[in-house]
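The structure that follows is given in the form of structure tokens.
First chain written, first letter: the chains are A, B, C and D, and each begins at residue 1.
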């Protein structure tokens, strides 16, 4: 049965969770976290989501020639984050297409939602969209299920 | 007549234009520009758009206690940018609300559209949304007209 | 005796250790980690060093009006880091002055030294150098001892 | 005579000058420019210095397989920069070695020195130091003269 292949709790339909700390580099002179820093946080979340599935991107690119590029994204900022905050990034597969994956992601702090985002990522080979390898598609469908 | 108030060509209904160069710091190991770098480019475009209207943000914050924060944004990435590219940022006011402004922005290179974005910015005073001052609203409506 | 005050192993003369992962944001189009990213890594290391001594910088600034600013630094880059690398930041107090602290820091990967740095940080109040509070000086001397 | 080969004013022994604006992205919650942002500014200065000598780095890397990497640097921070500041980066060749170049660089605002740096850059081919091509060495020696 499918569940036997699953090695960790975050694959059980619940989103992948990743925690990070806010440092000086993430803030701006408003005193709060710079709006573009959230995109870096979300990208870390997706990278850790892939790593939890044994997909280190550097190695994957070396083996398959496939890199992932962000094709589109939307983000709503609800509350601010500040220096020293401990943030949680939640990553969930929303849709799987032929050459692309859409992630739903959230940034929260102590249970309060700070930002929510939709990020569509496309697989590229030699600069052109390429069909996701079957083994990856299977794992993505598991998560989206 | 309205035109008499206008001091520079970019207010004639056409978008504000701003050029920038791509440096090492903007790229990532894919060899191209990192997706979050575009948000920094767009923010520079909005800052220069404000400066062209005599609204330096540091001075404005000091005088009025009002800061601008990004409330939501969406961006489509169509083509990649690379090291040494000269990019053009176009900024246009799409909508003016009571406490917020929605910008339509484009990133292009030699006439080719690389990315397009919608960015909603809200005016904050003591951390809460505050009505835009009348003088600013008038200038924004001119641009959106 | 002095040792009784010590709460954690990293104060025993050995440097404070902190691990971090390399993400897309840290790399550039050379394929490796951008040279300025190391300064962000070192700053995270100093922030965690302070946090391990119950000195959250946001709270400390709020309570004392004192912020820390980098006054000078030197760094030698010996080997490159790349995407997905797990790096260790080691932070050690090299010297304590009246208003400043000099840190010796190292970046390593699996035991290999990648970069070493000296960073002098000064305490500022209202923009001017200010004498470090006695309680902090005592803790710093412990670490430098 | 040597001067005949020189095509632009900045090669006359005086340093190359490059101006840039401070944006939100460059600042941190202290209200001022983040210390690592200066390294990005200095790198832009070196890139523009190379461009003024017809050395676009992306094209140069494609043609020769040579990339430049920072080997070591030291920087002194004297005064702070803030949002909206217009900064000048001055770049001068201090020393030319077989495979490396040492730059002396300064960051100033309206004539006030904010930071000064020494940056040693090494030419790499396939990850190893490689002798600078003769044509480049000649131009570097002109500048250092």
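The working rule: a contact is a pair of C-beta atoms (placed from the backbone, for glycine too) under 8 Å apart; a residue touches a chain by one contact, two chains touch by 3 or more.
For clarity, every value in this text was computed on a predicted model and none was experimentally measured.
Of all the chains, the one whose CA centre sits at the greatest distance from that of chain C is B.
Set against one another, A-D and C-D show the most C-beta pairs in contact at C-D.
Between the Cα centres of chain C and chain D there is a gap of 27 Å. In terms of their C-alpha centroids, the spacing between chain A and chain D amounts to 36 Å. Residue positions of chain D with contacts to 2 or more other chains are 24-25, 29-30, 32, 36, 40, 43, 58, 82-83. For chain A in complex with chain B, the residues that touch the partner chain are 29-30, 32, 35-36, 39-40, 43, 58, 67, 69-77, 80, 127. Per the touch definition, chain C reaches chain A in the complex via residues 21, 23-25, 40, 43-44, 47-48, 51, 56-59, 82-84.
Residues of chain A touching chain D in their complex: 24-25, 27-32, 34, 36, 82-83.
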